[in-house]
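Per-chain residue numbering starts at 1, and chain names A, B, C and D are given in the order in which the chains are listed.
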Amino acid sequence: MLYREAGQFKASYEADQQIFPILQDRIGVLLLIGFFALAVPLFADQYWLKAILIPVLIFSLAAIGLNILTGYAGQLSLGSAAFMAVGAFGAYNFMLRIDGMPFLVAILLGGLCAALVGVMFGLPSLRIKGFYLAVATLAAQFFIVWALVKIEWFSNYSSSGVITAQEIEILGFAFDGPQSKYLLTLFVVVVMALLAKNMVRSTTGRSWMAVRDMDVAAEVIGIRLMRTKLTAFAVSSFYCGVAGALYAYTYIGTVEPEGFNLDLSFKILFMIIIGGVGSIMGSFLGAAFIVLLPIALDVFVPMLLGDLVSSSFVSNLQLIVFGGLIVFFLIVEPHGLARLWQIGKEKLRLWPFPH
Amino acid sequence: MAREIGDVILKMEGISLSFGGVKALTNISFDVREHEIRSIIGPNGAGKSSMLNVINGVYHPQEGQVTFRGEVRRDMEPHKAAKQGIARTFQNIALFKGMSVIDNIMTGRNLKMKCNVFHHALHWGKARAEEIEHRKKVEEVIDFLEIQNIRKTPVGRLPYGLQKRVELGRALAAEPSMMLLDEPMAGMNVEEKQDMCRFILDVNDQFGTTIVLIEHDMGVVMDISDRVVVLDYGKKIGDGEPDEVKNNPDVIAAYLGTSH
Amino acid sequence: MQFFFEVLIGGLLSGVLYALVALGFVLIYKASGVFNFAQGAMVFFAALTFVGFLEILPGWTGWEEGGRAVFWLAFVLSLAAMVVLAIATEKFVLRPLVNQPPITLFMATIGLTFLVEGIAQGIWGANVRGLNLGIADVPIEYMMDNFNILISSFDVFAAAVAAVLVAALALFFQYTRIGRALRAVADDHQAALSIGIPLRHIWVIVWAVAGFVALVAGMIWGARNGVQFALTFTALKALPVLILGGFTSVPGAIVGGLIIGASEKLAEVYVGPFVGGGIESWFPYILALGFLLFRPEGLFGEKHIDRV
Amino acid sequence: MNLKKTVILGAAVAGLLGSSMAIAAEQFIGLPSYRVGPYAAGGSGIFGGWIDYMQMINERDGGINGVKLAWEECETEYNNARGVECYERLKEKGETGNSVFQPLSTGITYSVLDKVAKDKIPLVTMGYGRTDAADGRVFPYVFPLITTYWSQATTMIKYIAGKEGGTDKLKGKKIALLYHDSAYGKESHAVLEKMAERYGYELTKLAVAHPGNEQQSQWLQIRQLRPDWVILWGWGVMNPTALKSAAKTGFSREKMVGVWWSGAEEDTVPAGSAAKGFTAAGYNVAGENYPVIKDIEKFVYAKGHGNMEDKGRIGSVYYNRGVVHGLITVEAIRKAQEKFGKGKALTGEQVRWGFENLDMDDKRLGELGATGFLPPLKTSCLDHEGSGKVKYQQWDGNKWNVVTDWIDADKELVRGMIEESAAAYAKEKGITPRDCSKEM
């Protein structure tokens, strides 16, 4: 009864084109943001902030990036982690080499570097499709990590090839505690998620989806494939790049190029598949799921089995359950958590009446 | 009738197209005049769809030239065709399956939109105004095609007939001067066919849109076409007004299947 | 010049080993349209199962350790394990996901990768093991003495095994009833279904054959570098081969493997020193990418015409 | 072991609720282990040895001065993000919080490097991690104990010089460095280049792309080059592949020297007979004939409490390395108890003091039943490395045999570089180095 759109008539197209046309959704989202922006920093402890919430937010951003490319524009990519690396190393070098570089500008510039590299590696997408393209994006994955290790300028000639994120200071305020870092991450991620939502519900997004659904038809109605695909690569890599910069600055602190490996790329791909391909909301859900599941398994599996089996077996069992759950999930709901969310809402719309 | 058939605006000359040795079209020439309804007919595999694909540049013929509104080209490019006002529907429905009806039709207005990705990201001021302005146009198309009640439905869930209608809407949204319709009535029942006929005639009538039509239903074709071109095995075997074509012996043979 | 040939031949022989892994991908992609990311894990699983049986069988049967009987029994049992894996995969992964988009199936195979890795190490432990197939990995003296070119006898053996395997697969596809059915399925799922070819059986068979290929690849790679988790990385060597040769072509996998193997070695030796080396991680991918720009469907892949 | 289970249960629940549970007089040690994935073989050996040693201390001595050791494993999968999560999860566990973090992964080390000083938890990295952290003035909470990559590189040249008959014989010799193409593999470059200038050998660096399961091109280059020695700076599958390829190209394994991450059974067994004659560094040695190992067998395995599934691995290089981790950790706690109160559970900050004031000379090692098992060790505020010594072991086809005494690092060279690098880091991060004369 509470979740009803009946009686909410739209008098203008403007009202109809809002991100959340239903009042309850708007209230819900505001409450959600309010909860995460106000209540969580007050009450959550360090563990939750540092080890769960910040990474979930950062991975959500990367997942949004990949979702733009794969979910909306239909170009499968296995190189997201490499673009994150470009963003991280880019932001680091801007901070390092330009005096007084504001932090937020630096991460945006880092994102832009990633966007440029993304466009370069996106060029083949004009000729190559599907899994061929996916494998081709591995070229980006391996080449970028190799280049970051090899070209020592990127890590400021550090003997071990790692970079250490500088302290974050915005307008004289130092972001050094978990609360402030969390809030900064939340701010960047929420703003960028909003921008992403705007993009996907406008002509840009429609062009992406058109290219995804049927590129020939898209071309015939005047959508330039090259421009559309490259825009998708640029925006997607930009998002991954900013996520990478945040990964270095608000999460890990000191990063090495090898940290942005193929495993991480796959993890981000998992997030969008589990969360929902072509859904901004799904990117958040997927990131949360993929971050939390292994942790939950690591906590609960030993608890349930205790000393019955060896610790090696416990670890392997976690891997088995993780893999099994992924398969199970794909079978039960191939459209991801976002779809379940939708179904839930539709049910709620009817509740408490059965029909 | 409000429309008046004008000069030749599209001229196809000596078009030949083959796929890896298989000849799809052989030395075909014909023209299309402004505001007319021009039909292409022929048995399955005659090369009708290929012909449309050559007109708006999806396929590139090995020989021949295309002249559109005075511009002589070796071949077309799809986005150039779109820019010059050629819109198109497809035989097997090429809607964007993952999008709603409104979004599908909105894509048709793509070329008329000027905002870039940055405007869209902010969704403020210009981009918002533009979105609303074009939404109004799209709503007109929706009203015209009488599909108001399904505007938010993902097209993948619609029945076949409605999908065809939405596809027509997407083409219309571009406000084209020429529309290429590839079997818009295939698989429809009589009632749906009548609706579709009415839409096509209305478009042609109200907006003066030139229409190039592929259709199997001879009754429909002979009823609404101004001129008809007949293809068989990639060759042109007839061209002219409906009555003329109807009495062409080659055409009759092709349709009865005696000559081959 | 001697050095050039040495590198070239060495590269070609390495390429055969890549092709061996790529072959498994091709088989599955051809018959079921699934990009089976778990192929690398299957190589690991198969090899680990094989050495696992080699270890425990003498204790069970009382046969001589390292003897021929133990070897073949272990081989048969490992093959059986791969067949079981194929059946389970079809039943629990492929069948419930039939008609899903390719990316979903691809993701499912990544899930399968974790499962298979976890099961393999859960059963047999994380220990790194050696595997001796009885073929020495030493230079062939004749080539050494006469041309001063170093060619490993083991690599030649591996190439021969790969050649036999490819020939056998070709014959299997060409001349057996199942093979013909497989080709029919590869050409058109719907059509194959409509003439009464049971898709499920075909899938089980093709996954089992891919499991067999994985076992052979795993034994050869395992004998070369040890049986350990890193066997799963062989998949990364196979992917550029796959896009170069085309996902659907068995000869493509072989030719692609040869091209990738030879060119990556030559590049590492002649270009590597100028850019700091280690370019083998990405060079094959860039090469395959450059190649794709000219032939988007790979060397032997089927040309795809968009019909609208 | 029931106790451990309760600890795990309680701690797990506590971790989820974000609070900690107090258990009387127990010293908690969080173990960020990895038992799956590519490095599972190393992880299960090292963490197995470490846990067994702590179990032995509990069983034999009833803990450290009556303080029992408690621990909990957290699976990192050798993944940085998982490592950070484990660090945070384990941080607040136990009565006094986690007392030491030893991730056995350089990537995870870097990921928590900034956090440990704030959280006051010592970060101990034996034979990996950030080399310049040996300067305790800049990195008070980081302990690259026993030895570092840079120290190791100098001992390799010393070892080679010894084989050639003196450092003066190195002139004109060709040494090829076959390294894993990563941050880890590049660690040695600067040191080896400096030493090449000093001793006049010719250094050729050959990168092997990760994972290193294909080395045809590198070894053909080596065959062309005909170096006198090959230094193998490998990791994982790269090691057996290098040994196999060396055999294939006819390069003598006797002339190959490996790092301590290429000198375990896991590196040689897969290479079969090709590994015979290969020599590698080790800051611990293989073998079971040490009283400490015997005690583990007696007090742990005889009671059926051992952590290793495969008892055959007891005495292997990785297992013994884990025992070394346990030995030093326990010794640091013991040392800290002497200062802060015996029989009490200590905080990470207090344990840190213990790590900084370790003094494990031959006599002490003898008391611990580990003479010759690991090098003597003495840390200070300035020096968080404490030793720099390694032994070289040779693989005879079945097992590792020690072939040298402890070889000391070129302290003067390495220390200079460490201080330079640490100072640069301090400057970049705005850290004021501690004044060690004020520390006791």
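Structure notes:
Operating definition for what follows: contacts are C-beta pairs under 8 Å (C-beta built on N, C-alpha and C of every residue); 3 or more make two chains touch, one makes a residue touch a chain.
Predicted, not measured: the structure shown is a model, and the values here were computed from it.
Ranking all chains by how far their C-alpha centres lie from the centre of chain B, first place goes to D.
Between the interfaces A-B and A-D, more contacting C-beta pairs are found at A-D.
Taking the mean of all protein C-alpha atoms as the reference point, the chain centroid lying nearest to it belongs to A.
Per-chain Cα centroids separate chain A from chain B by 40 Å.
The mean-CA centres of chain B and chain C are about 48 angstrom from one another, to the nearest whole unit. In this assembly, the C-alpha centroid of chain C lies 36 Å from the C-alpha centroid of chain D.
Multi-chain contact residues, meaning those touching two or more other chains, occur in chain C at positions 117-118, 121, 125-126, 276, 278-279, 281, 306, 308.
Looking at chain D, residues 35-36, 40, 44, 181, 209-210, 309 sit in touch with two or more other chains. Touching of two or more other chains is recorded for residues 58, 90, 94 of chain B. Per the touch definition, chain C reaches chain A in the complex via residues 35, 92-93, 96-97, 100-104, 106-108, 110-119, 121-122, 125-126, 236, 239-240, 242-243, 247, 275-276, 278-279, 281-282, 285-286, 288-289, 292-293, 296-298, 306, 308.
If you check the complex, the residues on chain A that touch chain D are 44-48, 50-52, 55, 146, 149, 159-162, 164, 166-167, 251-259, 263-264, 291, 294-295, 298-300, 302-303, 306-307, 310-312, 314-316, 318-319. The touching residues of chain A, when paired with chain C in their complex, are 70, 76, 124, 127-132, 134-136, 138-139, 142-143, 145-146, 150, 216-217, 262, 266, 269-270, 273, 277, 312-313, 316-320, 322-327, 330-331, 334. On chain A, the positions that touch chain B within their shared complex are 12-14, 17, 195-196, 198-199, 201-207, 209-210, 212-214, 216-224, 231, 235, 278. On the chain D side of its complex with chain C, the touching residues are 35-41, 43-44, 181, 205-211, 213-214, 216-218, 220-221, 223-224, 236-237, 240-241, 244, 247-250, 265-267, 269-272, 274, 309-310, 313.
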